[in-house]
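In the two complexes below, chain A is the common chain; its partner is chain B in one and chain C in the other.
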Partner chain A sequence: MSKHALRIIMVVASVVLMAGVGFVVKELLIPKSFGLYGPYRADAIDEETQRVLRHGTNASCFGCHQYEATIHLTGNHKTISCEFCHGTYSDHVSNGRKIATLPVKKGDEITTLCLRCHNTEIKARSTMVIKTVGVPDHLKKQNVKLTHTCNQCHHVHAPLKYINEAKKITGLMEVK
Partner chain B sequence: MNPTLYEASQNLSHGASMLISNYVFPNDLHVHWSMMIVLYPYITGLVDGAFIIAALYYLFDVKSLKPIARFSLLFAFAFLCCATLPLLLHLGRPERNFNMLLTPSPSSAMAGFGYIYAVSMGVLSFIVLFVYRPDLVERGKNAKGFMKLIYRALTFDSADLSEKALALDGKIIRFLVGLGIPVAAVLHGYVGFIFGGVKANPTWSTPLMPVIFLFSACVSGISAIIIAYIIIRKIGGRSVDSDCIRTCIKTLTVFFILAFSFEMLEVFSHSYLKTGYHHMVEGLLNGPLASSFWLWQVKICSVVPLILLGCMAFITLKDSIYTFIAGIVSCILLLQVFIMRWNVVIGGQLMSKSARGYTVFHTEWFDKEGIVAVIIIMLIPFMILFVLGKIFPFWAEERKGGIQ
Partner chain C sequence: MIIKDFPPNQDCSHENFPPSIDKRDFIKKVLKGTIAGSLFLVFPMDISSVGSTAVKNSETTNNIDPTIKLPEEIPEIRDRQYDIHKQNFAFIVDITRCIGCGSCCVADKREYNVPDGNYRTWVERYIKDFDDQVYVDCPNGGLDGYQKPRTDIPLNARDTFFVPKLCNMCREAPCVQVCPVGATFTSPDGFILMDSDRCVGCAYCIQACPYSARFLNPITKTAEKCTWCYHRVRKGLLPACVEVCPTGARKFGSLNDENSEVYKILKGPGVLTVLKQSMGTLPALYYMGQRLEVV
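Presenting the complex of A and B:
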């Protein structure tokens, strides 16, 4: 066998060797718990359970905020999470104790917040699911000042609370 | 959606100063796979096409391709070096690509690509080294110190240039090129498969996708080789081998006819089968993509080159004119393939999973995946090619003896 042929055989052998080393390195680098339950690291489950919970449920809030709860649970917003508008639970409560006050939305911030879902232009869901409005068209239609914020007519927890109460008093029906 | 409804929704959205039409899911508004994912199949396509030219010479003995066979190999190698760059740039955490290679999941199409890419890179590297061994041996003789070591490594520490040794090299090259063809085909067919495998997208989810990608890859690669050959030779004040150009154009014609036919067959099968989401695909092609698909991809960049290629096939042209038209056709076809990738990748994402609305794509200059990034990534292979050219001579006539 010529020297050249021998070199070629050595090249082939080194390629095979490299592939083998690569395979071993690959096996060494794979975390031990990988594949125990499926194509993922089983330890990741434990690690995830150790994460400090940031969010609570509405029930967590209602424990203290009973007045808001009675209104919230009777209105059209009853399925909306408190945190959606008010912020993260853990920024407010830690180990069952109040640690800070969540920022309260005021003025135009309220309108901005409402329009995250209720803006006609978003078209996120059908009007059967969510009532959407265009601003300022809606304000013009209702004959109110264009500077009006949403919460001047709508209770933020039960949007139709004041509207329905007004209807009861005046006996007015909405024009269809 | 029929065009009238589409227009109505466009007017409606225009009135509301919105860029979307009708109903688009919030997570469909943004086009997630942007220009980097357009570049990715484009670059692997260039590799494939260039490799086909090299394979025609080294395996199928198409002698007229000899002047560009070696250059095609280097061109393919330079672009293959950068094939994963767009993907890595697209990732938020590029270093995590190694996780995918460590624990490839059979349900992950991308994991497979990593391995196919590695095999392809290995095969191409060895082909280049074996083809250039005589040159490297010559250079190694005059090198000193560290460079001598490099040359010894690149020549497998064998300075044997006897006929017997070169004959063995020739056999190895043929074997590797033979192996390289399915590897290259799988590499790019796989790119098409990655799109074709997305069941949720009706424009991509077709078994024709790998075939279309493969043929258009050959078109773009051969076109790129033709242009690069003509330009580099002209700049260097050297002659252009017209026989070689003619063979390239003939090969290009075959692949382009196949690529264009399959592109149109795909539209035809969508329109004939009228599957569940056909109205969305039809609305997409006649709405947001009306200009980039029908006007640019089909009319300007496919029909015009077909006519030009037809003229080149049936009319006897002077060599200089033939070369000139070959350059023009290749430029148009490079653009055609790029637009095709654009229409598939970005176009496919312009429709919402709601099957009711379409969104728009905004190109940006200085984004991570913007136009400047695209230009830089496309320049890198040419820089690599320039550096490679210093060690590996592009043209066969620059060296004497050895494997031709």
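Presenting the complex of A and C:
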């Protein structure tokens, strides 16, 4: 075999070898679903879909807490999510079983929580959207002690429940 | 992130400069590299054979824990084949209804266990005075709500409002354009998602996002962002922030559903704006009642 022929064979062999190595390396480095929808790993979409649900809905809470549901759904607070005040569904229930008790806010925590939405000093709150109060102005106006917490007059799930009932009993005002 | 300092003078010593390499060697090496590189590009990737798992998974419906009674909040998604190419979602924030309670921020942090100091969504407070001076603040991203009025500014405010911020889901997303490894992408149904397995944490996307919606997770060292709760949407549920919003300031829905609130708003005559329109990012997040000053 001449020197030239050997050269050509070597060139061809090296090209084939490099191509083979390149192909194998590419197969190893590029993820399986890459390029299905675009220059990214399409399986990442499904992985995102499988993420754990931590919030349920109010309906999932009312499945067990029917008494609370009857109160909550009749009042002005019916649009509030249970999970905002009490914690997430997944911290409470797992596979249909109760795994932990969610905290219930008490005392001054309640007032802080109420004022998060209802504080009139935050001027940005439209009266079309929410009823706001100033504390302690509201307490003075209602002739109650300044140490009163909101839930001593207002039911937290249906804020006008007790007030409307009291009005009905005393006949002070016609209840809508 | 640990940034390693190189040992002093490595590769920089002037004694070995110029490096001892002759012209023939140099040309040989360049040619070898060129040939190998071009061969690497010549062999096309067979798309039909790969990704079969992805097709299979996206066709199946998501199995929800049967013990949870979840209502279907976005119709026509659950228990049917999800055609990923035919979806069209929109998010509308009505800032005239936002009261700055921060429920959305709390829900978001809980849904994703977002590390402290980072926010997938947050609520800003804008105060505008009669001289058109604008004051913006956002204590702890709105996580604790807005309990106190601002006292550090003059009191002649004429307009105060809250602006919830989240991912704008741009149709021309700068973050997707700049990602060097394909770790962030626009899914066929219009969501900008993250592939945290591929992310190398270069933070280029964080710089590219005009809305500052991204952050580097200090634990995983990968970029993270709001996904409009993609995992919830695929189960027919509203995003967590929309779910908990007590005033309906955040609205989400499918534009394929003519009965959805977002469809009616987008089709109606109301004024809708997007953030930083001049950047040409074409957000799918619209604002109602937005003021000019908001960026």
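Convention: the second predicted complex is superposed on the first by the 125 of 176 C-alpha atoms of A that agree within 3 Å, B and C clash if a C-alpha of one lies under 4 Å from a C-alpha of the other, contacts with A are read in each partner's own complex, and residues count from 1 in each chain.
The criterion applied here is as follows: a residue touches a chain if its C-beta (ideal position, glycine included) is under 8 Å from a C-beta of that chain, and two chains touch if they have at least 3 such contacts.
Please read these numbers as outputs of a predicted model, since none were measured by experiment.
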item: More chain A residues in contact - chain B or chain C; value: C
item: Contacts of A:Leu53 with chain B and chain C, given as first, second, both or neither; value: second
item: Contacts of A:Thr112 with chain B and chain C, given as first, second, both or neither; value: second
item: Touched partner set for A:Val15, first chain B, second chain C, both or neither; value: both
item: First (chain B), second (chain C), both or neither touched by A:Phe84; value: second
item: Partner chain(s) touched by A:Asn76 [first = chain B, second = chain C, both, neither]; value: neither
item: First (chain B), second (chain C), both or neither touched by A:Ile30; value: both
item: Partner chain(s) touched by A:Ala5 [first = chain B, second = chain C, both, neither]; value: first
item: Doubly contacted residues of chain A, that is, touched by chain B and again by chain C; value: 15, 26, 30, 34-35, 39, 121, 123-124
item: Footprint of chain C on chain A - complex, ascending; value: 15, 18-19, 22-23, 26, 30-57, 59-60, 63, 77, 79-81, 83-84, 87-89, 93, 95-96, 112, 115-117, 119, 121-126, 128-130
item: For the chain A and chain B complex, residues of the former touching the latter; value: 2-5, 7-8, 10-11, 15, 26, 29-30, 34-35, 39, 120-121, 123-124
item: Chain A-touching residues of chain B, taken from the complex the two chains share; value: 16, 18, 22-24, 26, 101-103, 105, 107, 122, 126, 156-158, 160, 162, 164-165, 168, 172
item: Residues of chain C that touch chain A when the two form their complex; value: 35-36, 39-40, 43, 45, 47, 50-51, 53-55, 57-58, 62, 64-65, 67-71, 73, 84, 96-103, 106-107, 110-112, 125, 145-149, 157, 160-162, 182-188, 193-195, 197-198, 227, 230-232, 234-235, 237, 240, 243-244, 246-248
